[in-house]
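To keep things clear, I will list the structure first and then write my remarks on it.
In this document, chain identifiers A, B, C and D correspond to the written order of the chains, with residue numbering beginning at 1 in each.
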Amino acid sequence: MSESLPPGDSASGLSIRASSAEGARRGRLEAAGVVKTFGANRAVDGVSFAAEAGRITGLIGPNGAGKTTLFNAIAGEYALDGGSVRLDGTEIGSLPPYRVFSNGLARTFQIPRPFAGMTVLENVMFVPERQAGERFWNSWIRPGTVAREERQNRERAREIIEFCGLLPVERQLAGSISGGQQKLVELARALMADPKVLLLDEPGAGVNPALLDTIVDRIVELNKRGLTFLIIEHNMDFIMSLCDHIVVMATGRVIAEGTPKEVIAQPQVIEAYLGGAVA
Amino acid sequence: MKSMIASGLMGAGLVLSGAASAQAQDCKIAVGSVLSITGSMAAIGSAIGDAGKLAIDHFNEAGGVNGCEVNFILRDDQGSPNVGVDAAKTLVEIEKVPVLLGAIQSGVSLPILTSVTVPAKVTQISCCSSAPSFTELAREGGTQGYWFRTLPTDRPQAAVLATIAAEKGYKKIAVIHVNSDYGVSLATRFRDDAEKLGIEVTGVTPYNQEQASYRAEVNAALQAEPDALFLVAFPADGATVAREWISFGGSQNLILSNALRADEFVESVGAQYLENAYGIDNAQVEGESVEAFNTSWKDAKGSDPNGPGLHVMYDAAAVALLAMEQAGEADGTAIRDNIRKVTGGEGEPIYPGAEGFKKAKTLIAEGKPIRYVGATGPITFDENGDVTGPYLIYGVKDGELATLDRWDKARVEAALEKLQ
Amino acid sequence: MLQAIADGILSGSIIALGAIGLTLTMGILRFANFAHAELVTWGAYMALGVLSLTGAFMGPLAPFSFGVPLLMATLVAMVATALLALAIDWLVYRPLRGRANHLTLVFGSFGVSLLVRMVILLLFGGAAQYYSNTLQIAMKVAPGLRIMPDQIFTLGLTAVIVVALHLFLQKTRLGLSMRALAENPELARVNGIDTRHVVRWTWIIGASLAAIAGVLYGLTVQLRPEIGFHLLLPLFAAAILGGVGNVFGAVIGGLIVGLAESISVLFIPAGYKLAVPFMILLLVLYIRPTGIFAGTVGGGKS
Amino acid sequence: MTGFAAYLVFFLIVALTYSIVVMGLNIQWGYTGLFNAGVVGFFAIGAYGTAILVGPDRAHLIGGFGLPFPLAVLGGMALCALAALIVGLATLRLREEYLAIATFGIAISIQLVALNFESLTGGAQGLVGLPRPLFGLFDSPAGYNLFYLGVVAVMAGLVYWALETAVRSPWGRLLKAVREDETAARSLGRNPARVRLEVFVLGCVLMGLAGGLYVGFIGYVSPLDFLPILTFQIWAMLIVGGSGNNRGAIVGAVGVWALWAMSGLAISRFLPVAYQSQGGAIQVILIGLLIVLTLIFRPRGLIGEAESVSKHAD
């Protein structure tokens, strides 16, 4: 099974539209004073930061720092207990996940969540919104439209699948492929949505090195076309080589922010990591 | 799809092989019955089935119908019309029964009658369905004469009970009734009759079958502090209601419907609380024919035939078999046409039991008229298939069910007249 | 009205006992066990079986209608019911637990409920039965209020059990583990709680309480194979009303459902009484799906 | 027609009517993972709705609109949709089990209404003498039954075609995605609660359609026709046939109903009369065992689910 990189050229025809052309306003994610509590536990305690458009922002911190909770809050999975989240100036903090998605923010999960009982191709074809065929009566009264849309949909899905190196497994059930490939399925699904901002939760965790290279390459490639990234990752090499900007969290707060070099030098970051390691 | 065809074929094979084996044994006549053996009537259903079986056994002992052995096929309707209709449909179409005995509940008998037996020209005789809608249907021609029942409708029952209540001097009566066609129509008729006789009916409270507790219904009925309770129920639920009624201080002046004449009811409630209770039933306790049934039941079962539906079921089966014998053929229409020839009239009386049936067979062979006098006494069907007959008033004496009084036909009609 | 309130509290306390077990299994095992109400029936009939086998109905303890044998039979019934619950868990739920769709468990319990009910019907028949055929006459406590001694006993016993259970959940290690597991299964696992052990005890406690509820029901009302089936909706309504996983809530929920059923009859025909728990259920789900005491697992998606 | 053929026609009418119910349940459970524990309730709403609308005017009853049969069935289906909406709105955004509990509740409540709301439903006596569509055109009941079998078969075929077309389009993919992983579906822009509500209502409407067809055939409704056991039977049909597959739904309906009818026949033939009273319980135990054992040992049923739902992804 080929998990290596497909030839770079093949991806060039990919219809992931360059968003940077529209200028700096597009794809800027900003959190201001975000709070999320569980009972007495303030899992996210007044977090503010910005993921600038067209950049790759890293979100790091020891276990239990509240990174994934913050992700869920941004993506709408959790209702905010305070603060706001803006995407290109539009408030999305109070929206349910499906509305956040419609506003141009896609995400992946720490533990991949493919639709296990559907093939890889179907997983990706599922993504586009407002498909005529999702209204059940359309398959009765407008079968032609549905079929045409499906053909286009399928074509694009296969391009993205190829871009993600999943072509060899496109007919397999998503539940039966490796964990790393499932991460790629999630990436492919997110790309199919043509988002402005992409939130990746530990894209490298548990992925073998060859596949990790594919993932890194794809992120760089997509970023070049203007897609904004916000990435949680524990792999420091990954973060250091990839990110333009890093936000460090500990116990629900932002404790440092800056370029990779700036951040790594700060004493409170080292302490948080050591403290986290001891606990 | 394959397996669907396979299961269909399997079904066909099973049924066909059954039919073939039935044909092989040359002379067998099937009598079908649909009764509630499980479900809400389970408590009384299987005993009723036994009563039907007893009549068949007696007839076989006497040499069978037209020289053929009678085969009793009992199907369970589980208290549900769709199950009952399906069971009746198999009996009529596959087992080819010319006569169907049942069902117990009117709600099951009615759809069987309209969608199975009448279209197939099969005679249906019910032991126990008392709803007035059958009489209406017969009058409109909907039964084409294929419908008979061996228990009287509730019209005279209500009249007799109300008359006795007035004689006893009850002033305020509460009614609690089972929420079924039987309960609703008997309760309503009783209320009308009682009010005509100057008795105040403080409330008519329906209850749903098979609930564990009827405290709420009892409390509602108790509110007006009536001096008597008319309870229309089947033994199991009836016992629950009566127990709660008495426990919560209700009057022990109880008026009981015919279905409550059952040992099970007396045992569950406790005989000591039923001293002031009286009820009505259409089964006679005296008379040679009744004794003949009671004795043979006791021989077969080792207990007294105290329970709803036993006498009437025996008669339903007996009438069907005698009519078949008289007709000389096992055909639904022939049975329909001969039922009135073996009941009523002036012929030689025939009593329940193998001996009686033997006598009937001889007389029929000789071309002499017979008249079945059954487990419920003399039986006469009117043009709608309904019977009118005498009643007994039962109560509890020395811890056991006992007959307190008897109302013959004339007395019943006088009571009815007064209420017109 | 007074009578309706008294009756409501009585039936409410029996519902509460059943609902405690249900709320625990819903909280800890995370599925709606449709077979739970059948445990109530099973317990009631096991006690009857013991009574009829030993043939003992020694003199009742005045003023109650029952004596020591019934108390003994209840203990046996509790054990028998716990065994049944564990057997069902082992035979049916364990193989189904790993399935992707956790509703498969609910579905399995749906089938099990039918099986248990029919087995009881086969073993004991469909007719109504009583622990004692002696009728107890209610005492007139106040104008328009009659209460039977057995009912007082039922109330008292329920109160004792609820207090004991409360102490158990607050003070013992096992009780604390159960609460922890109900509140946060991930955290409980991380903290080294033996999940299987807790699950086993959840069944034992839930089933034992169901058995007691069954016996009390049989004592104050009657035994029929359908009693559990008829109690199912009230039990669910009580558990959800009180907040899933919340024992105290289940008790209050049970009382509210019992009272509502009983009082409703003053305003609507008695025939609709059984629909009252459903109405309460719908109302709770529309207005406050987490229940009045915001249960540990709550109404939200877990 | 010989006896057996006549019975077969009767049997198939009932079995195919149930197959429509099973297909309705299949899109709820098989495709979307919704547990409907009150199937019989929706079947009953459809039946009573149709009966009340089609029935002739009677003095003591509220209904009796005397509508043409197809209109009456549509009315019954609309009532089903309304009831499904009420239950669905309350439960479908909550824990999945709540739907099961609430549907169980509505089935019981519907039965109570049927039993107690006498002026509308005829109470325990039910509604009798309902006109059967085009009954007058046939000389013999057998001929009519054959005609009605045609009607039911066409309806079942139509429902099969419609559902099969719909689930093989992106709609089916949507249902399956919601069933497989609701969180992921939500993160990809879908509102699972809305999807569930749509499917739940649609499935219940189909159950209502079957209820209407049942009334048209029997010409009679009574509360005793809608006992809780029917829900279990329908579930057994689905799980045995194979949930997530419409062909399985039809095969299951016919197969399980045949099993039920034959076990009844076998019990009445081979079990001595003295033990007959246990017969019904044995039949029901068979249904229970069928459900539990299939669930454990053959969760995919006779015909499993297709791996790829949408035909355009083949």
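Going forward, a residue touches a chain if its C-beta (ideal position, glycine included) is under 8 Å from a C-beta of that chain, and two chains touch if they have at least 3 such contacts.
What you see is a predicted model; the values in this text were computed from it and never measured.
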Centroid comparison with chain B (C-alpha atoms), farthest chain: A
More contacts between chains, B-D or A-D: B-D
Innermost chain, taking as reference the mean of every protein Cα atom displayed: D
Centre distance in Å when chain A and chain D are each reduced to the mean of their C-alpha atoms: 43
Between chain B and chain D, centroid-to-centroid distance (C-alpha), Å: 34
Whole-Å separation of chain centres (CA-atom averages), chain B against chain C: 40
Centre-to-centre distance between chain B and chain A (centres being mean Cα positions), rounded to whole Å: 75
Per-residue overlap in chain B, given as positions that touch at least 2 other chains: 38, 42, 179, 206, 208
Sites on chain C at which at least two other chains make contact: 100, 121, 269, 271, 274
Contacts with two or more other chains, residues of chain A listed in rising order: 116-117
Residues of chain B touching chain C in the complex: 38, 42-43, 179, 205-208, 210-213, 215-217, 219-220, 236-237, 239-240, 243, 246-249, 264, 267-270, 273
Residues on chain D engaged by chain B in the complex (per definition of touch): 3-4, 6-8, 10-11, 14, 112, 115-116, 118, 123-126, 128, 140-141, 218-220, 222, 224-225, 227, 229, 247, 250-251, 254-255, 258-259, 261-262, 264-265, 267-269, 273, 276-277, 279-281, 302-303
For the chain C and chain B complex, residues of the former touching the latter: 3-4, 7, 11, 121, 126-128, 130, 133-138, 140, 146, 148, 217, 221-222, 224, 226-227, 230, 261-262, 265-266, 269-271, 273-274
Parts of chain B lying in touch with chain D, wherever the complex brings them together: 1, 3-4, 7-8, 10-12, 14-16, 18-19, 37-39, 42, 45-46, 49-50, 53, 72-76, 78-83, 85-87, 89-90, 92-94, 96, 105-108, 110-111, 114-115, 119-120, 131, 133, 179-181, 183-184, 206, 208
Complex interface listing, chain A residues touching chain D: 75, 77, 96-98, 101-102, 106-107, 109, 113-119, 121-122, 125-127, 129, 131-140, 143, 146-147, 149-151, 153-154, 173, 189, 193
